[in-house]
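Here's the structure we're looking at; comments come further down.
Each chain gets a letter, A, B, C and D, in the order it is written, and its residues are counted from 1.
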Amino acid sequence: MNFPAAHLEKLAKLVDSVYNGAVSSEIVQADTKIPVLKINSRDIRKVVELVVHHKDLGFTYLNTISGTHLAETREDESLDLKGFEMFYVFSNSQDFSSLAIKTTLPENNPEIDTIDDFSGSANWFEREIFDLLGVNFKNSQDLRRIMLPPDWEGHPLRKDFKEGSHYNGIPTTRSSELEAIRIE
Amino acid sequence: MTQFIYMFIFAVIYLLSIAVAAGFLTVVERRIAGRMQSRIGPNRVGPQGIVQWIADAVKALQKEDIIPTDAHSFLFKIAPYLVFMGVFLTLVPIPFGAYTLMENLDTGIFYVLAMASFVVIGVMMGGWASNNKWSLLGGMRSAAQMISYEVPAALAVFVVVVMAGTLNFQKIVFSQGASPVDWYVFRNPFAFIAFNIFFIAALAEGNRVPFDIPEAESELVSGYNTEYSGMRFLFFFLAEWGNLVVIGALVSTLFFGGWNFWFEYTLEFSVPGRYPIRFEVLGFLWFLFKVSIFVFIIIWIRWTLPRLRIDQLMDICWKYMVPIGLFASIGILLWMYFVPEKSLADTIMRYSMTSFGGLTILYFFYRVFQNLRVTKAKIYANPFV
Amino acid sequence: MSLYHEMPENIFVTSVDQLLGWSRKHSLWWLLFGLACCSIELMHTGGPRADIERFGSAPRGTPRQADLIIIAGTLTYKMASRLKLLYEQMAEPKYVISMGSCSNCGGLFDKAYSVVKGVDQIMPVDVYLPGCPPRPEALLEALVILQKKIQKEKYLRK
Amino acid sequence: MTSATREKELKPRVEITQISGTEIEVNMGPHHPSTHGVIRFILFIDGEIVVRAVPDVGYLHRSIEKIAESMPYSFFMPYTDRVDYVAAINCNLGYALAIEAMGGLEVPERATWLRMIGVELNRIMSHLVGVGALPLDLGAFTPFVHALREREHMMDLLEILTGTRMNNNYIRFGGVCQDVDDEFLKKLEKYLDHFVLFLEEYDRLIGTNKIFIERLKNVGIVSGEKALSYSFSGPNLRASGIGLDLRKVDPYCFYNDMKFDVPVGKGIKGTVGDSFDRYIVRIEEMAECEKILRQILSKIKEGPIQSKVPKKLVLPAGEAYHHTESARGELGYHIISDGKSASPYRIKIRTGSFASMTSLAEIFKGMMVADVIAYFASLDIVAPEVDR
């Protein structure tokens, strides 16, 4: 549901007033249908706590956490940053209006505080990002690989991921064509 | 010595016919299941697939005989034979006709209840020796279940024993008559209760749905026989379907008049050579007919109902069936004491029970056709092309 | 030099072979095992319209009792070791149908970093079945082709 | 039900702390008859009671999100089918709507109607698998085959509509790939007449079965609060008593004009949010789908099915999170475009099954092994949606 424009400014003011400017935030109404709150990555827990627990907001429903690797090779004016971009989507459980929180992490040693105590599902979303992108979630209750086998090397959704020629003795490319013999 | 050879030959014939019957039943069950599910079922091997079981058996003989490395190989090997033996031995004292029976044991019922425990031992052994956790769970569940359900089954059988005054199966059949009025199931309410309890307990002892939790396919992969392959699995397989025959035969013998077929077995027939062969054949067929009806019902239940959870299963046994069984077994004593046979009350009760039973069956068919009419959900396209 | 090579084509051995082949081909119990999209079509093959049980093929939950494993879907590296284990747990003689493009050669997921490009890289395959996913009729044809192949096998002289 | 018995039934069967025996570790899956594909649990059980459970996924991780980065937007459409093969058109639709919103593409009216037919038909088919697999896991094989039988007919309809039985790849940017004639609409209507009867019969076959009810009621209770915390969506969330349906609260296509109810779990046999509620909500939702389909059939008009879309689609730089209601809940596409290349910079797919999976570890605690199966089956999880 479209977030009312009036709410947007209210939210920005709210963030400012609660933290007295200690939290840098910026509201952008991007192409997304939902408003995006840009924050500094070290403030993530403060902002999420405000968004989830404040009685005027109540965005208790975590839709998803998404992460993106912004690599050097694809750098241009729209994606001007090198590093990782985290994208949290929260929804209000009453009218299901959504709000996104966006933050960026440096490319080497990306770290962010975990939010898995705010939502039961956050841990799995974080594990997926840890697995595929290699973002480290500090103080997470259970941070293991989720999609890939434990002995996997590298984080495949990074832009610079290179696939090896073999994995556990299985070649990763197909050398020969199928030799199918039809039996009559 | 000659007698021993005769006995041996007879035993082999018996064993083979049971194996054939069990094999044939697998095909029958798969066809019935197919019909219930708008499918066809096996129909490629032989006319309408009736020799499918031969293909299955010959294939199982060719399969590699796998004994898992960590399994206890001796127990693992003998477990299927114990299970099969337990099922096969229970058929020994059950009369298929006036003379068609292996051994006329005076302690027949006692013997059957004892032999049924072979199955528990075999299943436990197989489950434990496989060194597979799912098998172990299956074996444990099975042991708990079978031991529990032997109690109500024994209580139900007790009712019949009290009524017949004997443990001999043949005499139990004699003491019932050919017509439904003489069947134990319609003699009095307690016997009717006993029949229901016995049938449910027999389902549970035979590991059939809704009590098939030892081999619950969706929970325990395949239960106690998970690690078995080829020939050894075939024995479990045969035992399972042989069990159907056993349940059907026991129920028909104890409650539904056995092989009695529209004539009285009088004492003069007991002289060798006086008993007409056609009576024997007709009685045998009549008995088979009764058995097959119960086998069909069991198959029907299997393909309709979901299975129970283990605690619900135990609840049903100890909270409902055992008290009801006790009630029936005390009730039958009082009934036998106060209502002598062939008295007016006994006759009235017999006839009213029989008509009640008949009406129940009629009402059932009425409901089925009613449902078919109301639902109107015809199969959209005929799958039998 | 095997003894059989010196023997003429024995009529007895041949007909016993035929009987054994007949029984194996008509009793291909398949492992209840699906990986991805194709498993839905595999279910439908067991369902009313296609009804694979007509050919005597019943589903089994455990690999020990199965003769045929139908690799229905995409095989990932994480799953590959499990599948190999399953295959090794099956008792000889055992057969494999590779169902669908993904298990034939990786198919749509050719560029994926986590997908095995063809199940034949880890285990032998008897029949390859193309399609994404193949229709139930196609799976039935694969079964019939496998049956023909089994009938020609010489089990006693292997 | 009196409050005393209710209290008793709601209590966990065994207090975890009371268990003192040895726990054994059993491995359920990835090949297990009831894990529906390749999902694995490691259960630590004490007798029949699960003390601890560790769900393990990823056995069907097919790197769909990575593949997306290497191909044009339109090439990715077939891969969205494979995200949820049971409800493929729903996934197509979510992706197409997200791209159309970003690129500002027009969709002709008839195309939207056709999309809705495909989506709703697919939703019914998906729920049929859900309510069919539930009795299968409880040990009754027959209802599942009956569900398959009806699915065959619906697959026939989808085949006329889209050209394939499953993984339809039906929706294109700015339209759909092929038109249908009136004969199809008549066939669909005729089939719907049959389907309502089937649905009622099916519900009477298992929904009134005593054993079925006993196995499902008060099993795996997920309260509304918990469901929100675990990010449940779709039928699972609604079964917990929270009537959130994206077709209502955030309408897309022509769902604004449709009259349909959002079924919520009422706890008719036990508690709100138990496994039986999840079953009954799916049954009721199929009936609602049928209503929607009838309304579509009465409103659909002739017209073009495809608008002008540039051959090489380059989206303006930016990002979008677009969500639709799939058969398994909220299906969100988070798409980032760099504005220069014809392929997406990043696509993240948020699925309902993944969120439902997050609840397993906690809910499984204290359950019996048989209940684990019942709860898991009632969630209607499809493996590729979890792993992608």
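Simple rule for what comes next: a residue touches a chain if its C-beta (ideal position, glycine included) is under 8 Å from a C-beta of that chain, and two chains touch if they have at least 3 such contacts.
Just so it is clear, the model here is predicted, and its values are computed rather than measured.
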Inquiry  = Using only Cα atoms to place each chain's centre, name the chain farthest from subunit B.
reply    = A
Query = Which chain is the middle one, judged by CA centres?
reply = D
Ask   = Taking each chain's centre as the mean position of its Cα atoms, how many Å separate subunit B from subunit D?
value = 43
Task = Starting from the mean Cα coordinates of subunit A and subunit B, work out the distance between those two points in Å.
result = 61
Ask   = Using CA atom averages as chain centres, what separation in Å is found between subunit C and subunit D?
value = 31
Key: Numbers and ranges of subunit C residues touching at least 2 other chains   = 47-49, 61, 78, 113-114
Ask   = Do you know which subunit B residues sit against two or more other chains?
value = 37-39, 217, 221, 383
Message = Can you pull out the residues of subunit D that are in contact with at least two other chains?
response = 33, 58, 61, 63, 66, 145, 149
Key: All pairs of touching chains, each written as two labels joined by a dash   = A-C, A-D, B-C, B-D, C-D
Remark   = Counting only contacts in the complex, subunit C reaches subunit A at residues 77-78, 80-81, 104-106, 110, 113-114, 116-118, 120-122, 128, 145, 148-149, 152
Ask   = For subunit B, which residues count as touching subunit C in their complex?
value = 30, 34, 37-45, 49, 52, 54-60, 62-66, 217, 221-222, 225-230, 233, 383
Key: Residues on subunit C engaged by subunit B in the complex (per definition of touch)   = 19-20, 22-24, 26-27, 47-49, 51, 53-56, 58, 60-62, 64-65, 67, 89, 91-93, 155
Note = The residues of subunit A that touch subunit C in their complex are 147-149, 156, 161, 163, 167-168, 170-174, 178, 180, 182-184
Subunit D-facing residues of subunit B, complex = 33, 36-39, 133-134, 137, 141, 209-210, 212-213, 216-219, 221, 303-312, 375-381, 383
